[in-house]
Structures are given as C-alpha cells and as structure tokens.
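Each of the next two complexes has chain A plus one more chain, namely chain B in the first and chain C in the second.
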Partner chain A sequence: MGFVEPKNSLVDLWLNRAESLTEHGWSEQHRLNAQARLQSMGLPNRRDEYWKYTRPDRLIESTVPSAVTLSSEDQSLFSNFEQIKIVFIDGVFSPEMSDNLEGQDVSIELLSQTKAKDGHWASDMYGQLEATGQSPVARPLATLNTALAEEGVLVHAKGATLKPVHLVYLRQNESSDVMLHHVVKVDSGASLSLLESGPAGARSNFVLETDIGAAGSFRHVRIQGRDHQRLAATHHFARLHQESIFKSFTLTANGALTRNECVIELLGDDGIAHVAGACVGDGDFVHDDTVFVTHDAVGCESRQVFKKVLRNGATGVFQGKILVKQDAQKTDGYQISQSLLLDEDSQFLAKPELEIYADDVACSHGSTSGAVDEDALFYLRSRGVPKAMATDMLTLSFLAEAVNEIDDDQLIECVVEWLEGWLARRRT
Partner chain B sequence: MLEIKNLHVSLEEEDKQILKGVDLRVEAGKVHAIMGPNGSGKSTLSYVLSGKAGYQVTGGSATLLGQEILDLEPEERAAAGLFLAFQYPVEIPGVGNMTFLRTALNAQRKMRGEEEMSAADFLRIVREKAKSLKIDADMLKRPVNVGFSGGEKKRNEILQMALLEPKMCILDETDSGLDVDAMKLVSRGVNALRDDTRGFLVITHYQRLLDHIKPDVVHIMADGRIVKTGGPELALEVETNGYSDILAEVA
Partner chain C sequence: MANMHKMANMHKIEVKDGVDQKTVDAVREVGQIYKHGWNTDIEMDYAPKGVNPDIVKLISKNNAEPAWMTDWRLQALERWERMKEPKWAMVSYPEIDFQDLYYYARPKSMIEKPKSLDEVDPKLLATYEKLGIPLKEQMILAGVEGAENAPSEGRKVAVDAVFDSVSVGTTFQAELKKVGVIFCSISEAINEHPELVKKYLGTVVPVSDNYFATLNSAVFSDGSFVYIPPGVRCPMELSTYFRINAENTGQFERTLIIADKGSYVSYLEGCTAPKRDTAQLHAAVVEIIVEEDAEVKYSTVQNWFPGDENGNGGIYNFVTKRADCRGDRAKVMWTQVETGSAVTWKYPSCILRGNEAQGEFYSIAIANNHQQADTGTKMVHLGQNTKSRIVSKGISAGVAQNTYRGLVSMHPKAKNSRNYTQCDSLLIGGNCGAHTVPYIEVRNNSSRAEHEATTSKVDDDQLFYCRQRGMDEEAAVALVVNGFCKEVLQALPMEFAMEAQQLVAISLEGSVG
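Our next item is the complex of A and B:
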C-alpha cells in the first residue's frame, strides 16, 4: 500500500504521532532534524537499490499486523551470567523486572528519564551517527526512529565494566509496535559488553548508536527470537577510533521479516571491527543483513561473517559492502556470506560489494549457497548417526564459523545450545 | 556373515551398469580380500552395501547375519553391524572428532536398544584405543578429519572401527596413501579386531597390505564381477604378473 500513495502522506501519518509529543529537552532539535530529513528522503520503497530483495511494506505500514506471542524459555537466556539486566515489556521499561541501574560501574540511564534535562553527553550522539550513516545509502527507518523513539538506554562506559549490560525484550501484547533508540559511549581505554535478547514487539524498530574511544572495546551479542510473525528493523551505527575494537554477533530465529543493518565507520588507525550473524528460518521467514563498513584510517581490520540456514521456503538476503577510502592503506577487509538451503523452495540472495580507493589493501569476499553436503551426511549415517541428527550436526557445523566469531566460550555454548533446541524442535 | 547374491547395480543418474552379478560370501572369522583393476567396481560394491545414495540395485540381494540389508537406511546397516572404512574419509569442519565418535556410538547403541555409554567410560575407551593407533589428544579434539594427513585419516577410520566394534568390516583401499609405519599401525589395529565372530572384506590393490592382514580368501574383480577366487597365493600372482593373465584366462 505504501508505494501507491504519494510517499509523503505515509511519512506524515507517521510524523503526526510526534506532534503530540511534548518537551524533549536536549533531543528535541535532533528529532526535528530527523523529521525534516525523513520528509525529504521518504520511507523506503521497493524501487530503492537496497530494498530490491526485501519488501519494506510491512515495516512501514502505519498499522501493525498482530503477531502471536510465544511464551518461551527465552527470558532465562544468558541467565547464567552475572549481568545488569534491563527489561522492556512491549518496549516499556519494567523497573520491577530490571536490576537497579544506580551504583553500577557503568552509567546507565533511560532515554525517557533524561528527556527534560538540558544538555546531556548523549546529545553529541543521539541521531548523529544515524545521520552520518545516511550517506551514501539512505536508511529512512533509522531516521524515523530518531524522530519518534521515546525510550532506550543511554550507556556510558568510563572504564572496564565487568558485568555485561543485558537488554531483555519481552512481549505480551499481540500488536505492539516498539521503537527503542539506544546510545552507547565507550570512553578511551574503556570496555563494555552488551547483550540483547527477546522478541521485543509484533513490530520493532531499533536503533543502536555506538561510539568507541581510542583503545576502547565493545562486545555485542544479540539473540532475536523466537516469535514467528514478528517484524523487525534494526540499525546499528558504530564509530571506531584509534585501536578500538568492535565485535558484534546476532543470532536470529524465526520472525516473518527481519532487516538488520549495521553501519560501521573505522575512523582511527588500527581499529578492529567484526560483525557476524547466524540465522535459522523455517517457512514464512525473510531475513536480511545489510552491512556497510567504511575504512577511513590506516591499518584497520574488518570482518563480516554471515551464515543463514533456510528451509520450507524461507528467504535470506545479504547485502554487504566494504568501502576503503583513499587514505585507508593497509586495510584488511574480509567478508563471507553463506547459506545452507535445506530444501529447494528456500532462497538466498546476496550482494557483496567492494569499493576500494586505496592501493595497499587486502580485501576478499565470498558468497556461497548450497545444500547439506551429501558426502558428509552419508559419512555420519554410515557410522550410525540417524539422518535427522546428522543433518542437525552438519547444520550446526555450518553455523559454527559465524558463532565462533563470539569471543567468549560461555556465550558460544549458550548460543549453540539455543540453536540445538531450535533444530531439535524441528526434527521429524 | 555377509552373503551377496547375483548383485546388479547401476547408476541412478545415468543408464550405466557397474556391478553385473556379484556373488560373495564372507563367513564369520574370515578375512576376504578383493583385488582388481581400477574402475572394476570395488568401491561401488562397498558403497552399495553401506547404503550410499546414487546407486540403484537392479537385481540380487545382500544379507548381513541373515538380514536383508539393501532396503535399510545407512544408519540401520551400521547398527546392524556393518562398517565401511572409506577410501576417501570425509572432512567435516565444525564437528569435533570426539563428539562425532560419541554420537555415533550412542546412536548405534540406542538403535539396538542398548544403554548409552557413560561419558567416563567413553573417554577411557577412546583414549586407550587411540593410543594404540598413535592418535593423539589433539587429533581427537580437532574437527573430523579436517587437516588430517592421508595416514591420519586412515588411522581415524580404524579408530572408529575399533570403537564401534562392528560385525562385518569392509576396508576400501585403507592402504592407499600409507607409509610403511602407518601401514603397520593400521594392520595391527585390524588384526586386533580379528576373531571368530567378525568378518572382513579388504579391498586393496597391493599384496603388501595382505602381508600384514593375512587373508583367508582372495577374489579378483573385473568389470563388475568376481572373476576368480582363490587362496592367498592369488594375491601373490597378481603382485608378480598383474591382472592381465588372470583376465585373459577368464575371458
């Protein structure tokens, strides 16, 4: 429906929601700017170059189709870890279920609770990385989020933080339309781990802006699951400075439509950015990873590792780009995207891109799509492993390269166990 | 133990017959060897017996301990006691060798209605068997066959065989790619499993493996059939004269 209407009317419909909003203090100007930017760029449509494979309609329609909520075990995900837990139910902060945000070794505030204040460190970031990330490729859903999001966390790590911050997204409402905007600042030499888990909303639009100071490190593990009909668009904008480290991994299971965009800028020499994803989809499932890594400094390393397991007509999309600017010598860029198609109805659409203006760089990319390796399957079965179990073993082994990008064995174990559960529920 | 009668096999994809009436009977406690020129159908026979896809049985039968096996799934044949040591063992990245061995062993036990082996027992037994094949802890930890040398892969096949304790062992060119020391290790592993209850079918090109694993019966396969059967001396004849005399004689 979005594409037959003049595109601004849908934008207006969305932005009308903002009109009733009062005082936003330090973020008000950023919101107004975002509204103006959105007016001029319009919402995504099928003719946009980066929306060719994934139809944006369901993400931008003004009404949300309801999605059945699964009462699942996912609430206990990562529960074995010491953590600072922050719980949102249908996008609304739950103080009862969350840990005390005071007195932690990292500063954590809620966007909604700082909005009346004038001046805030997050003012230098909120909507700023998002705005920068609009060029050269427009990402209107993120701009929409900047304009409208009423909640999110503002996290400031000033030193080494021991416990990970865990954002838990629960759902109760069948048709919740959730928007959260998080801002994370890791100071020079500081470190932070961020975990995210849960299905969030019938539809969710999340933005995460992360700035990592010189020699700072940021680790991020996200599990999007397990409700079936939900829709999600996420944008992660990250800015790295000298010698900083960024490692992000996302696991997605189920969901009718998920678009995860990751936009990384390496601005300081010798930075390291790894972004990885594993997804498993069965049936009514479209999963899109759209990644843009810009090397704008010397001697940086970037890795993109994405693996998709698709069955019963599921669709996987990967659009990944490495842009190496002229002065970004000694760049080491790597990108791999692979799909395992468990039947002939499923499909994988990949668009790997390299754009290189420096001459002393090592960049490689590859993309493959294939079925379960018949020889490996036969080998396992000939040793007595039943077909379904052997297929699961090979599926896990296919995903392993992406999962192993997480640099914490305990977290890897946690993710693998979760995947085993997903596979086991589908064993015939 | 294993009884193959008039087995005819063609390829599923194309109209090509590969096995043209194989008759073979391996008794418990015996070692049979199959020799024959390249392309005569030896590997095909081993694959068809263990249930690999892509082949069509167009006639004949094969029974293991009296049970018809050609209709069974590969894993059911394994649980029934059949084992194939592959000519080309498959690399499986991302699956640890130890996990693989334990999953296979317990899956077979489960199918046979036996109890799973405890982690402690498993560990003890694997370590003991691995040691006699000079398979170190690192090889057990690594993904199945990934980065293994040719010899290491073959030793890993024998380790699986030793652990799974099958009734009927088929070895397809286990000697290829082995140096003398590895050949001795592998042969020792095979000989350790020889007893009155177990049958062996050893496919090889060379007499030298049969110096270590002494066969009771030797068959010559050519163009999809067993064309000659004899005692160990038949292998020596092949070693000195090649196949041409034998093939001319039966033509």
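Our next item is the complex of A and C:
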C-alpha cells in the first residue's frame, strides 16, 4: 500500500498553509473542522471511483503549473446589465474595479472583512453545506477549500433583489492559485441572480454554498473563461426549502482541466432545481460535470441538461446522479447528457446514475454521443450554406437545449454571442 | 383471530395507481411460491469443509485430471488468497466465511462414474424428472405434460445435468458426435479433449479476472463443455441444468463454449435449489468463444431459491459470464430471466473484437421480498462496425433492491460502431429500490452510443402512429413498452419461453426509468 504515504503527506503539505492564516473569529472553528475532515478522508487519487474518468493530480499538486493569460476581453461580459460588480484579480478583491457593495434588499460582505468578527449569519452555513455534501461520496477538494480559503463573498438576499450580483474573476499572474469560498443565503420569498465570469487563476478551487428559503428563488449563470491552460475545480452546494427555485447554468470554453461539481438537496416539498451546462473544448481539454441531486421531499422537480462539443482530442466527462429517498413521492427527475464529437480523436465518458427508493416517481435519463448528423449537414449545404458555417449552425443548435435552460432572454443572447465568437475563431 | 387476519394483511403489497393488477399478481406469485424448494434425500460424499491446496488437489484428483490442470488450479488459489472480496455492487449480505463451506459434494453413487445414463442412480434421474428435465433421450416439448410420450414432432434438447459438484450425465452425445459436436461435462473434456481445453480455458475470463472467478478457477468441480466445429449448425438445442441439493455447499461450475468458424448453437441454462434457511454460494464462470461468422445464443432462466419472505436462506449468485467475439461477423446473444437468488451479482458481457461483430443482451430481472439483484452487461467494442444492443427490464417488489449496472465502451479503433441501450425499472410498493448505474465511454466520433431509460422516449414514430389512431399518450406508451417486453421474452428459445412467460406475465405500466 505504498501509495497511501505520499497522499497523506500531500494533505500535510496543504494543511501547513493553514498555519499562516492569521485571522480568528467566527469562521475559525469551521476551518479547523474542515482540516480534521480532510486529514481523515485524504485527497482524491485516480483509483477513486469518483475520479474514474478525470485524473485529479494537477488539481492537488502543491505547486501550480503556470498558464498563459489571454487578453481580458471577458471583462466586457454581461456589461450591458445593471449589476453589482465585484472584481477579484488573482483571487484578491479589487475595490477600485468593483461597484459599491450595497444594494436594495441585499447585504454583501467580503469574507476577509468579516473574519475578525465573533458572530456572523454565515456561520450557520460556512462549510456546513459542504460537510453535508460529503456523504455518500467524499469531495475532498471542497473540504480543502473550506480549510484554506481566505476570501469570498457573503451574500444575503432579504427581498426581491433587482440587480444581479456579478462576480468577475480576472487574472494577471501566470501561476496564481486561487481559492474562493462564497456563501449565498436567499430568505423566504426573496430572490437573487448571481453571475460569474472570467478565467480566475492558473488554478482555481471555488466553493459556493447556497441556501434558498421557502418560496425563494436563485438564478445563477456562470461563464468560465477561455484561458487554455487553466485548471479549475468548483463545487456548488445548494439546499432548497419548500417551493423554492434553483436554476444554474455554466458555460465553459477551453481550459486544460475543469471539474464542476454540483450537489443539490431538495429538502422542502415542491421545490424546483435545474442545473445545466454547455461546454466547448478544443485540443488539450478535459471537462468534467459531476452532479448529485438528492430528492428528500414530496413533489419536487429536478432537471440536469449537459451538452458538450469536443474537437481535436478533447475529453468530456459527465457523472450525474439522481437519488430519490423513500418519502420523496411524486418526484419528477430528468437528466440528459449529450456530446457532439467533431473529430475522431475526441471522447465522451458518461456515468448517468439513478438510485430510487420511492415508487410513485417519474425519473428518466438519457445519454448520447456521436458526430454531426450527415443528413442535416447535407440539407444545409444543398441550400448553399458553406460546410464550416453549417457545422457551426448545427453545433449551436445542439447546445441550444442547455443554453435555453437560462430563463432570461438577454442572458441567453449574451451566451449565444459568446459561443458564436468561439466557433468563428475556429472556422477553417 | 382478528389479529391474525391483520398480520396476514401486513405482508400485502401496497399497489399504486397505474400498476397493472396482473403485474402485481405475477410478481407476488414469483416471490412466494418457490416450487423447486424440495430436496432429494440421497447419500453424499463430501470433501472436508474449507478451501486450501489439499482440497483443490482432491477436487482435481476426483476428476482424474492431468497435472497441468491441477497446477492451473493451484495457481488460481494462490492468487485468490491475495485478493479482496469486491464491495462495489449495491448489495449487502453477511460476511461469507469461505472456510465454512463444502467445496465438493457428489452423490455416493457417482463415485464410480456410470458409463451410460442407464447406470445412473434412479433417484438422481427422478430428481430431474421432477424438475421437468427428463434425462432420457427422447423428444420433449417443454411445458406440456405427457410430452415425453408424444410422437416424433417434438424438438430435441440435449441436456447436461449437474448435481451439486458433479455432472450426472449428458444426453444425445452420440447423435451430436455424428455431426462433430462435442457436448460433455468439463471434467470429461479435460481428459478427452485436452488440446481444446488448454487452448481456450481462461482466455476469455482470465484466472485473475475477479475475486469470484479466481475462486472458481481454483475449485470448479464440473460444468459443461461445448465445441461446435466449423460450418456446423448444432442440430438441437444444448442445455445444462444445475441443481444444488446438499446443504452448506457451494456450487462452482465452469462452462466453456467454443463456436468455431461459421457455426451456430443455442444454449440453455436452468438452475434451482431446495429451500434452506442458510444461504448458499454459487460462483460460476461461463466462457464463450465465437469465431468468424459463428453465432451463439445463450439463454438463462435463473431460478435459484431466493430465500424466504423474511430474507433467510437463498443462493448468493456471483457469476462471471463473458463472450469473446474473436472473428469478424461473430455474433452472441445473451438472454436472461432472473427471478431467483437472494443476491445476484452477474454481468454477462460481450467483447466485440472482430469487425462487424454483434452483441445483444436482453434481461428481465425480478427482485421480490429481500432479494437483491445487481446485474447488467458490458459491451466492449474493439472492432470496426460492431453493434450492440441492451434491453433491460428490472422489477422490484417487497423490500428488494434491483440495480442495472452496465458498461458500453467504444475504443478509438472501433469506428462506425453502434450501441443502443434501454433500461426500464418498475417499483411495486414503497419499500423497494430500483437503481441504474450505466457507464458509457465513447472514444471515437463515428460511433454512436444511445442510452435511454424512459418510457416516454420509446420510438417516436410508433407513438405517433398510435396517437394518430386516437390513443392517448399513456395508452400508446403502454402498448409500445408492452410490445418491447414481449420482445425480450421472444428472444428466448421456445423451451424457455414457456417457463419464462409463466414467471413474467408482466406489463410495464407506470414504470420509471
């Protein structure tokens, strides 16, 4: 069992960094708990079933491989919207570039600025949803984040917030290792939109914990920047109470390795959770969507829609699971994962799982993989559309089912435009 | 009295709207009446309990095996001792004490091997007679009583009957020999046809494949051997009937089927065991080699004792079955109806190595009371233009857990390959579980893999056709899905279809994916 030793010493190497964290206050106990949990669970390795298709090595190495930064055109994303913009450069808050952190019916604070306080509303959530989300499958990278992250936003929506909160992650350093831990609380009846964009670090490890009160709603759109060599692991833990609504969409382009995990618990009756993702990858690209939805209440609806476009040896991974507990009757669960392989070298690896203990449910899943439909291509070409453009049109229409999960037309337009740009740059 | 009445009601299955009453009745019947639960009172010869090199040598000696076979077994044992029992399946059972089992049990009358069926102990023959598997060489027509006396229009089925650790006899051997087909027990084949056994044994399921296959490699006592020569279409269906009779005994049989170029064979497997309140282990290995243009149809009706309604006893069925389509256009078809066993752990697989090779897997798995089934298939596409199709129907009732676990893998060189997978599950009552764990790995873009697990996604054209003629959507879906389930049953050879239909008179209304 020689491999255990280096794995543990890597944990120690990481946790040594915790000693340099100086602030005390409300979050300290949560970090200490997370450190202890990490010690006992260890870091992931490629023998772990949950990492069967994606090798975690580069995400847990103690040194960050440097990644070339692209021009920061992503800054202009979502700029047409009224918003509260919060900018981080290499994981450090930039007050100059950010808006005033004030809005109607919403309180926004930075983790670093509240840490010295003794009590905080976020204390009931920070690291708590992450800890719950460790069962039945361990997610050590999220625990690592709880143990070490020093920055993040704490957002508390108390009413129907009008302006979306936009987190912009910029990059200047070629080897920045960024860890952010956000907490979002949406009160009963309140609503909030959260936007995220930008390439973040050469390596990023993000955790977002979201609690949505009864009849509350939370909408989330994220665009992960297009730096080619960046690495990212993100975890989104969400807890839904009665009649609440959760909608999350992620667009990913490029990046050497991205693992997005989303862990949703439907705890109140008649909740709705939709999680969707579209990704486009070219060449050295591994993209992994890992979703775990737990139905623990009556009459809830969950939807997972994931689409991947892969070319030049890119790899797409999907691991999705719907767990329906015994009392979660009248559950409506849906899951689809599809990939479009644009050439011979790309691959798609999927594990769409169902685990059902209630009998009055409708759960379904589907997964397909294949090349561009030759008939559709021929149809377009016979009507005078050049081949490259026709392929792009079919690619966009393939992604549409996922993109249309966003329930805001303006945002859809933004995403489509961005995708068109990506495809246009690759047109031969 | 009133209390007793209440008690009786407690075990009733709660039925939800939309679940067909016939389905409920059929499932209840399958679970509660196990008609093969009797045992044969016969004098047995046991090897001492436990597994060690001496037992392995003893089994090998009893089978009068050559030294190379004994060494093969001992190497397997050595590996097994270093392996760990797998825990990934969604089944739970008390720790098995592998040293507290009998690994070898044979009827005393079998110590001196009978030279022909006429010399076999009548008690053994009566056992199979009672199971509906007459070992006399005669026409049989399954499911029809008195058929043994029927005139010649009936179909012939050659049977190899395995009783605990030994093969009791194989029928129609002489007739099969005329066309060059070898059908005998594996112990016989090791001695009579060592060149074939040496060439093929362990090449599809290697000795170190998995924990239970390795154990089987060390201690397998008997099983069937089939060789179909090039270009021969086997003139009758071949069948093996496994019976566990002795208590605290594990059955470890090994089946090796070789279909040489351009040949065809249909093979049936049946199994039953008496009702006992302690669990028994059955760890078999089936290896199939399919050469160029050959076709093998392998059908199983697995009806081991499932344990009583409180979960006592039953068979732990840990089986490794795999077919290797070595040549171009080789074809294999697995059909299974799984109704028995307390715990099932079984994944009949196809390795599609030749170009244009085809693999098919049709399965109906029913788990009732405390049964747990973790079953499915693996389709490994290596050759170009290979095709596979998976149709799996899982039905759970009582407090049973039913899992479909499957792998579809398209390798980079398996260009233009196709897979279609459909798995549906049905839950009856609120205390059972149905799970789906498919792995889909596509490593080239000219191949297509489709995985569906929803009744609303049955063929759109068929749905449209029904709806266009005035049926509502639900009725249309029910009709199409019902047709589908029948298709699985029809994939079985006639001899089995009758038995299976009785076991599964089931419709899939109200099913979930």
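As a working rule, the second predicted complex is superposed on the first by the 418 of 428 C-alpha atoms of A that agree within 3 Å, B and C clash if a C-alpha of one lies under 4 Å from a C-alpha of the other, contacts with A are read in each partner's own complex, and residues count from 1 in each chain.
As a convention for this text, a contact is a pair of C-beta atoms (placed from the backbone, for glycine too) under 8 Å apart; a residue touches a chain by one contact, two chains touch by 3 or more.
This is a predicted model, so every value here is computed, not measured.
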- Query: Thinking of the overlay built on chain A, is A:Leu396 touched by chain B (first), by chain C (second), by both, or by neither?
  - Reply: first
- Query: What is the contact status of A:Glu49 with respect to chain B (first) and chain C (second): first, second, both, or neither?
  - Reply: second
- Name the contact category of A:Leu349: first (chain B only), second (chain C only), both, or neither. second
- Task: Could you look at A:Asp360 and tell me whether it touches chain B, chain C, both or neither (first, second, both, neither)?
- Result: second
- Message: One more residue to check, A:Thr290. First (chain B), second (chain C), both or neither?
- Response: neither
- Message: After the superposition on A, what does A:Thr368 contact: first (chain B), second (chain C), both or neither?
- Response: second
- Please work out whether A:Thr114 is in contact with chain B alone, chain C alone, both, or neither, and reply first, second, both or neither. neither
- Message: Between chain B and chain C, which one contacts more residues of chain A in the superposed model?
- Response: C
- Give one of first, second, both or neither to describe whether A:Leu341 is in contact with chain B, with chain C, with both, or with none. second
- Message: Which stretch or stretches of chain A touch chain B in the complex?
- Response: 373-376, 378-387, 389-390, 393-394, 396-401
- Task: Using the touch definition up top, name the residues of chain B that touch chain A in the complex.
- Result: 50-53, 73-75, 77-79, 83-84, 86, 89-95, 100, 103-105, 107-108, 111, 143, 160, 164
- Residues of chain C touching chain A in the complex: 16, 88, 90, 412, 415, 425, 427-457, 512-513
- Complex contact set, residues of chain A against chain C: 49, 326, 329, 339, 341-371
